[in-house]
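The same subunit A turns up in both complexes below, where it pairs with subunit B and then with subunit C.
Moving on, here comes the complex of A and B:
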């Protein structure tokens, strides 16, 4: 392994090389091991300050980053949209500069606008980690998905991964598409035509509007959450129709290969994109994803935050 | 040192570990990647040859326990540690190729402590080159090689470096 990590920021998977992605996954192996120790904490980022800056609500991603930072001995401050001065009209740039004036070393940013992390990264000395920006990228989610697939199947190249649901508005889908294709997987996007535009074929993914065609030959199905809170009516067929056409029901799950992995970035809408029994079944690795997410985020924080600025 | 000198040195270290740890009860040889892991494997092989006893080996990665994270342009590669647990009542022998400032060994002891509380920790090195910056001393030394600070000790091992076993001095 000759690749070295030289980036202070993690903004997306689009800009990473396959070697860099593999390097993060291999580093994750080491951090996952810490979870099995009696003392689940290492001093790697001792004395560093991490700011969890979540302008959009999130529990699991924020908690995962927070716990990852604790395990690396960093100090953590959480700022959410409602507690920040953004509600008082402060610009993103001013808020960030104030954070930097407080000597924050790492800023984990979740923002509704695509490109917000890039904007900060270009202007700040601190490391910026993208925890999801608009419908753009969610790199740590994709990395933990890749890690989980690699852990379960021993490889990624050559596997056929189906990503099912609202692709158009999904940053998880975009980051997964970039990562999976770079590592040599075959990717098929499945969903209503309004949410799976043909444009995605330009990225190298295949497209299908019929879930039954895809399930029997998939090695992994990654179900995206139907974000009904932000769903625009003109794109979405309606919940009942969606379940009928694209939900991973118990019945449909029988079409899957026995060793096909079922993934979901959470939170799950039980009975919508996935049936309860399927989500809790043998093939589901949804909770592995959560455990691996912690290790992946430790690796990312260590790599970006551990480099001398 | 050539291959034969390295073999003799490690064989003697194996003898000393056997003498110091009666019955080799609970002994685990924990190598620091990369070369420490290979040296630990070789010492374990000598112990098996001499005493017909198999001792456990482990891997102890120190990258995330170092005290210089954030001061280097390049981060050391981190690898997963592997130690038998529980460590209580066990003797962990830290194994590395070169002992220099002692900072790596301190990091290794911190790493070991996060797995539990071993009965004792010992230190075995192929080469001790001096220049300690911490109050650490080795229990087993393959060879003492006094050096100047600007000199470097290079270790090459067949398994890790794909070249014939050798230890040599490079002047900086």
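Moving on, here comes the complex of A and C:
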């Protein structure tokens, strides 16, 4: 392994090389091992200040970053949209410059606008970690998905990964597509044609509108939540029809190969994109993803935080 | 009595089908046959002497948004770009949907602007697209056209009545073509880049649906509708077909839509955020064909100033718009005349003079004896670099900073008075 990490920011997987992605995954191995110790804390970021700046609501990702930072001994502050001065009309730029004036070393940003982390990264000396920007990228989610696949299957190249659900509005889908393709996987996107537009083929993915055709030859199925609260009605006729056409029901799960992994970035809608028994079944690695997410985020904070200093 | 002789230039006056080496004389603000012995001499050897150029699509932001631009600063930017006449759009506060606001703009322009500023009036009250503005009164107040630019009347019946009514008072209707349902919250061209970046897409069909609507209404009402800032291949195709049938429809093109594609968005720089958005290479190619065959007959900037603090925000949140008065002639000369050889310089001048003057029925854009002495001297070979920090405009929102261009205006004369020279 000759790759060294040279980036102060993690903005997306599209800009990373396969070597860089693999380097993060290998670094994650070491941090995962720390989680099995009695004392789950290392001094890697002692004296550093991390700001969890979540302009859009999140529980899972914010908690995961917070815990990762604690385990690296960083000092952490959390700022959400409602507690920030953005509600008083302050611009993102000014809020961020104030955080930097307070000598924040790492800013973890969740934002509803695509490109917001890059906007900050271009303007700040601090590390900027993208914790999800609009429908653009969610790099740490894709890295933990890659890590989980690699852990369970020993490799990523040559595997066939189906990503099922709302692809159009999904930053998880985009980051996964970029990462999986760079590491040599085959990616098939499945979902209603309104939420899986044909332009995604230009990204190198395949598209199918028939889940039954895809399930039997998938090595991994990654189910995305149908974000029905965010979507305008015209995108699909309703949840009932979605379940009928695309839900991973008990019946459909029988089509899967026995060693096919079932993944979901959460939060899951039981009975919609996935049946309860399938989500809790032998093939599900949904909770491993959460555990691995912590280790991946420790690796990312460690790598980027090391560059910024 | 002040007089000027512009000597030895290549005089291109498309209205009079002139393209020859000649002198142009000005006495007391008018073009004349000859000038007295003591006239000021402007040596124009190697330069093109053109009728003062017209930009029929600019936003001067006044009244209401003078932190972005004023009538005074916008006029100076126009002069520096080689423009002697500019037509300003009505998305100001208050909206010029009444004769009083038109009178204010005209007074302000005559007091402070160094070029001719011609106002447009709103089609609908407060640009809301619902009730007609008093179009007859606006005509009497001196607007050269009506438009809801920046907005688009969605109700086809309202638009139909507006066009019918405008016909009575002989005002052309200019339309910003955008179907709000199809476009939704789109901010970039829907295609590969919007998919890659996860930015909401603005599909080409969102423009084309309204271009087609306008063709149908121009036919129905037998009156001219001019489609602003055309950006898609489909729009060009519809316009070409309709114009061949004699429909009173036309289209204009802005430099950014031929200089750039949506590929430029990849760094999320909001200086590339413009409405309609930067399109694909196939659209750019179709626009060039449309310019070459006359389907797109008018060149303009859609000069849309915004302050730094407004543009320096998240891509979704940034206002649409690019400033263009000080770069458009250079970009079009560089791209259309030199690089792509789409048209020759005489046609370029025609698209900036005769074409808009004919559409708006205004008495400028010619070097005929007796005409108001608005003259632009152009050095078509001069190589220069765009420097936004040297712009006369109040704003800096241009994606062309640092571009090296070939050709620009070097001297601008309005009513016989030099208003700018390089």
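As a convention for this text, the second predicted complex is superposed on the first by the 307 of 309 C-alpha atoms of A that agree within 3 Å, B and C clash if a C-alpha of one lies under 4 Å from a C-alpha of the other, contacts with A are read in each partner's own complex, and residues count from 1 in each chain.
Note that in this section a contact is a pair of C-beta atoms (placed from the backbone, for glycine too) under 8 Å apart; a residue touches a chain by one contact, two chains touch by 3 or more.
Everything numeric here is computed off the predicted structure, so don't read it as measured data.
Undergrad: Touching A:27 in the superposition: subunit B (first), subunit C (second), both, neither?
TA: first
Undergrad: After the superposition on A, what does A:115 contact: first (subunit B), second (subunit C), both or neither?
TA: second
Undergrad: Just to be sure I read the superposition right, which of the two partners does A:41 touch: subunit B = first, subunit C = second, or both, or neither?
TA: In the superposition, A:41 contacts subunit B only.
Undergrad: Contact-wise, after the overlay, does A:283 reach subunit B, subunit C, both or neither (first, second, both, neither)?
TA: Neither subunit B nor subunit C is touched by A:283.
Undergrad: Taking the superposition as given, does A:63 touch the first partner, subunit B, the second, subunit C, both, or neither?
TA: After superposition on chain A, A:63 lies in contact with neither partner.
Undergrad: Is A:291 touching anything from subunit B or subunit C once the two structures are fitted on A? First, second, both or neither.
TA: neither
Undergrad: Classify the contacts of A:78 with the two partner chains as first (subunit B alone), second (subunit C alone), both, or neither.
TA: After superposing on A, A:78 lies clear of both subunit B and subunit C.
Undergrad: Both subunit B and subunit C touch subunit A; at which residues?
TA: none
Undergrad: Going by the contact rule set out above, which residues of subunit A touch subunit C in the complex?
TA: The contact residues of subunit A facing subunit C are 14, 91-93, 111-116, 118-119, 133-137, 171, 174, 197, 199-200, 202-203, 232.
Undergrad: So in the complex, which bits of subunit C are touching subunit A?
TA: 184, 190-192, 194-200, 267-268, 309, 312-317
Undergrad: Per the contact definition, I'd like the list of subunit A residues that touch subunit B in the complex.
TA: Residues 1, 4-6, 27, 29-34, 37-45, 47-48, 72, 299, 302-303, 305-308.
Undergrad: In their complex, what parts of subunit B are in touch with subunit A?
TA: 61, 63-67, 69-75, 77-82, 85, 110-111, 113-116
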